[in-house]
Each structure stands twice: as structure tokens, then as C-alpha cells.
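Chain naming follows the written order as A, B, C, D, E and F, and within any one chain the residues start at number 1.
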Amino acid sequence: MRSDQRRNDERRPVSFELDFSIYAEGSVLISVGHTKVICMATVEDKAPNWMRGEGKGWITAEYQMLPRATGIRNPRESLRGKVSGRTMEIQRLIGRALRSVVDLEKLGERSILVDCDVIQADGGTRTAAITGGFIALKLAIDRLLKDGTLVEDPIKEYLAAISVGIVNDEILLDLNYEEDLNASVDLNLVMTESGRIVEIQATGEEATFSEDELLKMIAFGKKGIVELIQAQKEAMAGR
Amino acid sequence: MRSDQRRNDERRPVSFELDFSIYAEGSVLISVGHTKVICMATVEDKAPNWMRGEGKGWITAEYQMLPRATGIRNPRESLRGKVSGRTMEIQRLIGRALRSVVDLEKLGERSILVDCDVIQADGGTRTAAITGGFIALKLAIDRLLKDGTLVEDPIKEYLAAISVGIVNDEILLDLNYEEDLNASVDLNLVMTESGRIVEIQATGEEATFSEDELLKMIAFGKKGIVELIQAQKEAMAGR
Amino acid sequence: MRSDQRRNDERRPVSFELDFSIYAEGSVLISVGHTKVICMATVEDKAPNWMRGEGKGWITAEYQMLPRATGIRNPRESLRGKVSGRTMEIQRLIGRALRSVVDLEKLGERSILVDCDVIQADGGTRTAAITGGFIALKLAIDRLLKDGTLVEDPIKEYLAAISVGIVNDEILLDLNYEEDLNASVDLNLVMTESGRIVEIQATGEEATFSEDELLKMIAFGKKGIVELIQAQKEAMAGR
Amino acid sequence: MRSDQRRNDERRPVSFELDFSIYAEGSVLISVGHTKVICMATVEDKAPNWMRGEGKGWITAEYQMLPRATGIRNPRESLRGKVSGRTMEIQRLIGRALRSVVDLEKLGERSILVDCDVIQADGGTRTAAITGGFIALKLAIDRLLKDGTLVEDPIKEYLAAISVGIVNDEILLDLNYEEDLNASVDLNLVMTESGRIVEIQATGEEATFSEDELLKMIAFGKKGIVELIQAQKEAMAGR
Amino acid sequence: MRSDQRRNDERRPVSFELDFSIYAEGSVLISVGHTKVICMATVEDKAPNWMRGEGKGWITAEYQMLPRATGIRNPRESLRGKVSGRTMEIQRLIGRALRSVVDLEKLGERSILVDCDVIQADGGTRTAAITGGFIALKLAIDRLLKDGTLVEDPIKEYLAAISVGIVNDEILLDLNYEEDLNASVDLNLVMTESGRIVEIQATGEEATFSEDELLKMIAFGKKGIVELIQAQKEAMAGR
Amino acid sequence: MRSDQRRNDERRPVSFELDFSIYAEGSVLISVGHTKVICMATVEDKAPNWMRGEGKGWITAEYQMLPRATGIRNPRESLRGKVSGRTMEIQRLIGRALRSVVDLEKLGERSILVDCDVIQADGGTRTAAITGGFIALKLAIDRLLKDGTLVEDPIKEYLAAISVGIVNDEILLDLNYEEDLNASVDLNLVMTESGRIVEIQATGEEATFSEDELLKMIAFGKKGIVELIQAQKEAMAGR
């Protein structure tokens, strides 16, 4: 039995506080267990410089943790004067994930930047940022559709992400911080509503894993993502 | 009449969500009108290097705004690689303010760092950070008293801060963003429960003011601070 | 009696070496006691990017101390790769102060940058930088008037600044370094010839002060500023 | 048929120039088609600070491309003053991969840093860096075994890495630059001699893929890695 | 006798591997004894911003050492976030040297950037970078002549560089690392085919030298440069 | 005839304002024509970390120009966040020059840092910094001798520096800014009282020079240095 009484293939409760910000074009506070991430989408009416004139849009993300989002306080990256490799890796991942379900030509020459700020971290912050970031993005695009800026929805399908890991030889879904610390293998899966994979990253830290274990982890992840997308839809329906 | 129907000497509603974080030794989400600031106090069991061995403690603060805390998104200071003058000026102010009501010798050789992260900004973020930061600090110190680390309370009295300004020749208490933008004079007042001044900064931007106007602004500020300290005490009592 | 034999409300001798530089459009070496600041104004024939086309000008300042301007050498900020919070706070203050006495529309679309470099520091460097910076600015504008670039003087009135503090419960005017180190309250006052306040910053470091003390400090400061503006005018007259 | 006449499951020729440096404890110039990477291992007789006293060693990697390793010159990261997210992501990957086949306790309290400098880039630089980096690491450890510093070989098994992608709906092994540019899905596989997975990263850029495609890509990658490890062993045997 | 059996006025063997890169417009791997430098010239079809419209071109250089180019590994400048004074001094020297033998008006409004990356360092890396950098530059310009972009050769004459030093009161040509470490005086000479000096830098480190010693060092250097230019010409002839 | 009526081998008037600072252990304001440099020596009672325990001292220098030291204002390096290559090159040169005339063992385990801040620049700032920096160093060492910290003078002999250049085919001593701008060859000579060379740097910018021209330039430089050392001695004698 896991420390928080979950079964191995059971994810933590998720909730979405939509329209969290009075300013952002789309915003949500997502909670996954104790992990809380504020996602705010900002729309800009021009494409990035490097792709001007292609008639397409672009989507990026930025990710950061508040210094005391964790048990031990981390120094601010702004005061250290540089962003860590971990931060950069995560914000590149979120951006790629969000772009994969958007038809960038239908978006037209505009940019959407999704800020994901972790207020409290108990494992799975990057997957929560993707799951919540998708909702912030969708709310921003819904607004563009509603005010007539866009006539056709560029979003192709829903998107969510979850982690799976191997801890003491057991495969566990949706690791919390303590489980993550003890995991020998860590997998992040980003998947769409139709069950297509957007990104899979499976990593052994001082450990390896078999192809068979990989398949089992993917199966766990798929189950979690189906449920998360269900929760996303319910939140959007209740708006 | 002000845009949000307030009288000139009327401050915005304030609320405190205590123990906002599961990790920080003291934490609060303060809301002042639409302005929201998360304040988290982190206690470290040693004094800063430069004052080791003096038998005294130290208190500092850090301040930051989320990129989309405002109507227009601001680039992250971590990605720009440096902190703005405005940010530094504000975090130095918060630190000085908090230190003024703490007996640093009674605190002993420990450091408390109060992180003030602005989630949403509608004017008065620095004063909200002081008013909320004091509560986060007090909660952290209460914990040290409760667990026996401290036997005597180092906090000398309550502390709060508020802004006053001159807008179209009218003196207004607790400016919101729009009023702040149009203010010719901007005053920030930090004051204690016993009515003593900790810091006063009054600034004309392309404008000046008379000593008489200064006194009227101080009177408005005092009224606001008396009310804010009342609200702080009610929040603490309801815990 | 103060260490340098001054009465409590007596400021240090001030002198101005006008046209200190062969290059700058306006320049002065101001000495206030042992404090020496070189102020050089540079005129550029365009407004900053963010205010182009508004038909107005802008004035900013930069402040720095030579590494050995003080008893103990400070590392250069250029080698540390970043500017301290203190430096930024001071140069923002100087800029605001100078702008307050200039009609920016009469200045037209041009920028004036006043560099204040502290050669020797014995307390009161920021107020000396304002008092001297005003003279450098005035000399630069006089040159624009003389060569016909400007036809109407954009300077509205004279400006000076001085510090006041509470040391061992005594209110003292124009603190030197040693007094500043021992002050419980430190006030900087920026005021115009007509007695209007431009900026007042009063700060208790681990201390507080009453409204009555504030008023007495302001009275001391006013006296000093009247004298400083007199000295500025004499220096300009002797040119 | 691919532009360089390869079959879809055919990798590019690989070669190893062992002991490329007269200084490094282990070094190799690996060529994979036109891609050339210099890998140099540096041994230091102490563990990193954060793990001192644990009786274990540590292995990290650094990765960089010469500015003109590519068709278009890239500015140096040293002159831009910061390292890109891509560089950080890759060097973290190489380090994790190398650590996975080393018994860090047998290595003892020492650090090995493997520098991977790309001299010429035609796709697959990160996988070439892992395949070559392993050889540099092995040469450095062989030296420690030979001179008696180590008595037991900490290397558990051989390790190599290769890329697979989907280009125009065809699965291709070991993409060159042009193929990589046109790939809708890009997979990097790191695997050991015994067929265990160390890391798998599969990414759709504005595209997604099915689980079935994932399995086929893994099969292609496994074939390539078996061959690469064969080539590594031949190179080491010929020493 | 010197440690590598050379006479005092004997330089180390030099070799040139022309067209080392498949991408750069001009490239060479120069070896001078154990010192190896990759030089790659990149041609850009515009002058730098500061000299646009003058009808002239410009040539610059960048220099860097791989971290393990030396016996002891040096941290990467990209990770330290800044370039050392030594690196800047050297790349400015290389740029000046190359510009001195090129008619910048004949080059037209284009820029050539010569990257000099030291793969292995055994003394004399800056002079090897100049000697090799000239060849990379010449190959790039030959390509511009061959494809008709240029009709007249802007290169005025050949150029090479060599070091001379005083070690234990003996004047030695072309110091290796060990000799350089023990030198009391270090001279770098850059000279053209016609025997004209481009740059001479002679430096005593905690030592001085007479004018007579300077003349003898120059004589040694001239001999070396005549031989190096001969070797450059043979390499170009064998292409 | 030169623009300021000097003969080709005539240097500009030099003056020394000794003990310019009330804080620095040694200080001087040197003027060479319109060029003015403040040199302040700071003594620290320990050797740098990298040479602790060797029983020797060390001397370094830092160099900077005030932003408006020149006709056109230069941005501050502290605000740009990095020091230019030119600044680094010059401060390394000044440090080497000063060390060459000091017996570092007699100095004992202490460091002297000489700050050279250019207040006004009209050519020859680096040579003025060496000539003035030597005086600041000597004054600091004289103080150590006077107070008994040192018993034997570690200064071996006087030191000065001057520039020479070729302008319109004429060899000129001690170039001012305008001459420097038009020079095809620029030589800086650092020499001791006994006529020994410490450093010689001769550079053609898009130009070359013959050995014969080099010798003539050295002769001019020697003449200037003899005179400068005479002036240094007179200034010291008049103290």
C-alpha cells in the first residue's frame, strides 16, 4: 500500500480553479494532490520574429517554482542570474506538448505564451503544468473564438500528462515527492484524447529497465491520462 | 467618487488566508482588493555569515511578481538574468520594515526569509507584501514559540503598510493600479500598532507637494493602518 | 558637540568646481565636507525609445562610487557583473528628483543623462549627487539656451537635497559617515527653492520614530536646503 | 531510398580514434557519418561536494558544439554569457546515461567528467556523444585499473545510443541532419549490451505517434545499438 | 639542449590539414608540435552594423580552448558565464593580425569570422591560431575568387606568427608549455612575408629585458616566420 | 606641426596631485595633457588565495573610465554586466608593469591593488595609469616603511610608460586622442629608470611597420620615459 493509501494504478485527486486571474486571457489553478500550479496564457497578436510571414502561430511555455514551493527553500533563479537546466528542460517540454494538439496555421500569426508557476510541489509538477497549461491555452483560444478573432478552433484534441515510476520494483502511477525520490525509473507520458503519444521520456537514474517494464508503465500512464482528460472536460463543462 | 465607489479615505477590503502552504514555517495569501500576494516565511537556524557570533538574528525579504500578475505580461527576471531596480528597492524596504518590530537579540542566531510573490497586482503590492509578510513572520515565530525553540516573543508589536496619493489634486487612500498611474504624488507609509513610523517614502513624479499635503497624507495613512492592524488581529484570532 | 564641532542644525561646507570636464555639456565637482562627487550631464538629441513622438524630453541619472571612495575598498560592480540594489535605488532617486523641476515639454524630444561618480565618500553621497547633479543639469541646459537649441528655460526652479538623522536621540543635520553609521533614523529630503517637497524618505533601521520627530527632522532639512540653494546660486553667479 | 543510399534500418558507418589526446585520462574521436565528436574523460580524486563521505563516486558530462560545426554558424555560448536549454538538456542526458552502467561504489570517492565537443554535426550528435563518451570513460577507468587505483572494474556493461525517427511516414534509423529536419517524430534510445533500456525519449514536434509506431522505432533502435556495441568492442580490441 | 632536443633557434614541426570541415568556407587543422588548433572561416555577406555603407569589409576572430586541451582541465567559459581577459586579449590580437594583410576595400561589404578552437595546447596557441587562421582565411577568400564573388584578391601577402622567450637567460624560439612556464620574458611576433611587422608584444613577468635582448629575440622570430610561411605555401601548393 | 604645437618628440605636460584621497594608502591624480587618471592603492594584509604560504606578495590593478571621460559617452560596464576586452587587457598590462619593479618577497604576504579610474581621456590613458599607478604604489609602500610594517624597500626602481605612434608617416611621441585615432601604428612602452624594458606592444591597425621604424619609435619612447621619471621624482621630492 502506498503512503497515501492509493493503489499502484491510482492517481491523486485533481481539481481545476478556472479563470483564476482577472488579467490573463486564459488561466487556471490546477491541484494534483498537494501539487499546485498556476497556469496563465497570454495572447500576443504577432508571431515570433523567426517565423514572421509564414501565416502560422506559435505556442511556448515558461515554468518556475516559487522558492518555498518545496520542503527546503530553493534560491530564486532571478537572483542567481540564470535559469537551471531543469527549468529549461521542463519549459521546452511543456511548449512542445501544447503545440502538438494545435493547428498552428489555424491559429494565424499570433503567439500564446503559457506561464506555469508552481505554488506548491509534491511531485509531478511538469505533468501538472502540461495538464493545467492545456486548459489555460484552451480558455484563451475559446476567448479568441468567442470574440470572433478566430472562426475555426485550432485545437485538435484534449491533452494531458502524467508520471509513472518504478519504486522498489513496483510500478506506480502519479508519483508524489517521496515516491519520486525513491524511484529507480521515472517516466513522463504526454498523450492526447485519441490515445496518441506526444512525448514519452523514461529515465533510469543509476538503473535500467526492460522493454516489458516500459510497456507496463505506458499502460498505467494511459489509464491515468484517460481519467485526467475526463476531469478536464468536466471542469470545462461546469464553466 | 472613485472608480470603485470608495470615499477618498476608504481602503479596499483586505483578507488573509492563513497557513496557505503545507511547507513554509509561516504563510499567508493576502488579498487587498484585486491585489494578491503569497507570503511565505522560511526559518533557518543560523545567522547570515556577516553577523555570525553576535548572538542576534536577521530578517530579510524577497519580492517578485508573476509575469502575468498585471494586465500586460512582464518578462521573467530569471530569464533576463538580472533583477530590476524596482524589485531590489521593494525587497529592501520589506526587510527593513519587518526588522523594525522584531527584537533581533531575542530571535537568537537564526534567519527568517519572507518570500512575497505577487500573484495578481492592482496597485499597492509593496504595502500588501509588508502587511501580509508581517503575518507570515508572526506565524513562523509563533511556531518557534510553540515548539519551545524560543521562550520569549521577539515581536514587539504589529506592523502594517498602506499607500496614499494625490490624484487630480485629491488625496486618496490605498490607490488601485489606475489611480496609481495617474497619481502626481505617491506615499508609502509603514507604521506600527503604537502609531510609530517605521518608514515613510513620499515621491513626486514630475511633481512636488507642500508640507501641508504631506501631513494630510500621513493622516489618511494612519487611519488605514489602524484598520489594517485590526484586520490582522481578527485573522490571527480566528485561527 | 558633534565630532567635527558642528552644531546639530549645522551643515558641512559645500563648494562647487564648475565646468570640471572639457567634454560634458554640463559638469561640476561638488564637495560637501569630505564627500566629493563628479556630476556630468550628457545631452542626447532624442527621447528614449519608449516615449518617442510625445514631444517631450526625459532626464535620468546614474550613480557609482569609485572602489576606494571609502575607508574599506568595495569591489567594482562591473567585475561582479551586476549593480547592487543600493546603487539602483539611488540612481532612480536622483533621476526622479531632477525631473521634478524640469518642464519636460519645454525640453523637447531630447534626453539628459547625469552621471554622478563619487570620488570620496563621507556620508550624504546621494544628497550631494542631487545637489551637484542639479548644477550639471542646469549648466547643460544653459548651453542649449545659449546656442539657441532651446528658446525657453525648461528649469522651473532650483533644487537641492540634504540628509537628517537621529543619533543618540539627537536630531542632526547633514550626517557624516560616522554619524550615519550610528543613526537610528535616517531621512533624506529633496526640496525646491520655493519650499515644495520633491521626495522625502525617512527610514528606521531596527528603530521607529514619532510623527513629531519627523516634523523636527523636516524643519532641520528645510534650513539646510535653503542654505544649499543659496550656495548653488552664488556658484552660478560667479561663473 | 534515403539520400545517402541507406536502407531504412541501416545506420551510418562509425569509427573511433582512440587516445586522441595526450592529456586526458581517456579520449576518443568518434565519427558517425559526417558527425564528429571529441570525447575526453577527466578523472578527479574526489567526489563532488554534495556527496562527500558517502564512499561513492560520480560521473557527469559536458557538451558543446564548435560554432561552425554546422552549416550556419552559431554564436558561442561563452560570449552570449549563458548556456542554451538544448545544451543543458543534452549534457544532463549524457551524464545520466554514463552513470547507469557504472557501479558508483566500486568507483570510490572520485569524479569523472566527460567532455563531449562536437567538431562537425550532421545529426545524432547527442547519441554519438553517449556512444563515444562511454569509450572515453572506459579508457579512463581502464587506466585506473592498470595503475592499481581501482582493483575491480566498476563498469557493469557496454552502452551505446542511437536515434530513430519518422520521416514522411517512414521509420528511419540513425537520422542525418536533413532527415532530422524533416522528421515528425524523433526518438533517442540509450541501451546497454544486455538489451536493457537506460533512457528513451520520443518526441513529436507538432505531431503525435501511436504506441505501435513506438514499438517499431524501438526495434530499429535496438538493432542499431547491437551493431554499435559490436563496433565499440572491435575498436577496444584493436588497441 | 632543450627538453625536446631542439636547438635554441629551432621551431617545432608544423603541419596543416586543409579543408578539415565540410561546412566552413575555409578550414584547417594546424599542428605545431603537440599544439593543435582548428581554424574555420565563416563568410557573411554583410559588413558589421557599425561600418555599413562604407564599401569595406571586416575580419574578426574568436579563440577558445577545449576544457581538456591542457594537462589540468579548465572550466568552460560558457558555464562560468563570462569570457576571461586572456581569451579576449587573444582574439583581439588574432583579428588585428589578419586584418593587417587584407585590403578591406577589395573585400567589399562582407565579414569574415575566423574561429580558432584549441584542441590540444602545448604552448604557442595564439601564434598557431594566427598562422592557421591565415590559411583558413585564405581558403575562404580563394573560394570567393573561384566562384566569382570577388574578382581581385584582397590578400596582400602571407602572414604567420611565432613566440620567442628568455628561459634561464637563453633566448629560445617557439616555446613549448614547459618552457613558457619558466620564461622570464615572452615575446609574440606577427610578421608578413615581406618581413614587415604587424604586431610585437614583449612582456617581462616579474622581470625586465634590455633593448639588445629585444633585438636578438626579434631576429629569432624572423627566422621562424620565414620558415612558417614557407610551410604555409607548401601546404597550399599541395592542395 | 602637431595640432597642439608640439614637436614630434615632445611629450605633453605632466603633473601629479599627491595624496588625492583621504582614505587610500597611496593616491595620486595624474594629469598628462587633458588626460586625468585617479590612482589609488589599497593594501591588504594577505596574499591572494592561490599563492598563500609562499611568503610573497602580489600586486594587481583595475582600470576603468568614467562614462563621460570621452567626447561621446560610453555605457557603464557595470550596467552592461560585463567588462570589455579592452578594459581587461589594460588592467592586466598595468598589473604586470607594476610587479616588474617590485621585489615580491620583500613585500611579504600582502596584496596591493591599484585602482586607476580615468576621469578625462585624451589619449594615453593606459600609459598615464602606469606612470601614476607607480606613484600610488610607491606612496603606499612608503607608508608601510614609515610605520615599520616593512623594513626594506621592495621597490627596485622607478617605472613609467608612454605611447608612440606613426601618424601620416611621421613618428610622434605621446599621442593625444585625435592623433591616436589617425595612427597607423601604435606603440606602448613601459620602461624602468635604468632603461630596461618591461613591456613593449607595437600594433599596426590595418597597417604594418618595418624593424627600422620600430627602433625609432623605441628611441622616442625612451626619451619620454626618462623625462617622466624625472617628473615623478620631482613630485615625490616636493612632498
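One rule holds in what follows: a contact is a pair of C-beta atoms (placed from the backbone, for glycine too) under 8 Å apart; a residue touches a chain by one contact, two chains touch by 3 or more.
Fair warning: this is a prediction, and the values are worked out from it, not measured in the lab.
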Subunit A and subunit F, separation of their C-alpha mean positions in angstrom: 59
Inter-centroid spacing, subunit C versus subunit A (mean Cα positions, whole Å): 51
CA centroid of subunit E to CA centroid of subunit F, Å: 28
For subunit C paired with subunit F, centre-to-centre distance based on mean C-alpha positions, whole Å: 33
Residues of subunit D touching at least two other chains: 81-83
Contact graph of the chains (line, ring, star, complete, other): ring
Direction subunit D, origin subunit A - full chain order round the ring: A, D, E, F, C, B
Subunit E - residues contacting subunit D, complex: 21-24, 27, 34, 38, 40, 42, 62, 64, 66-71, 73, 76-83, 87, 113, 115, 117, 119-120
Contact set on subunit F toward subunit E in their complex: 82, 84-86, 88-89, 91-92, 96, 99-100, 104, 192, 195-211, 214, 218
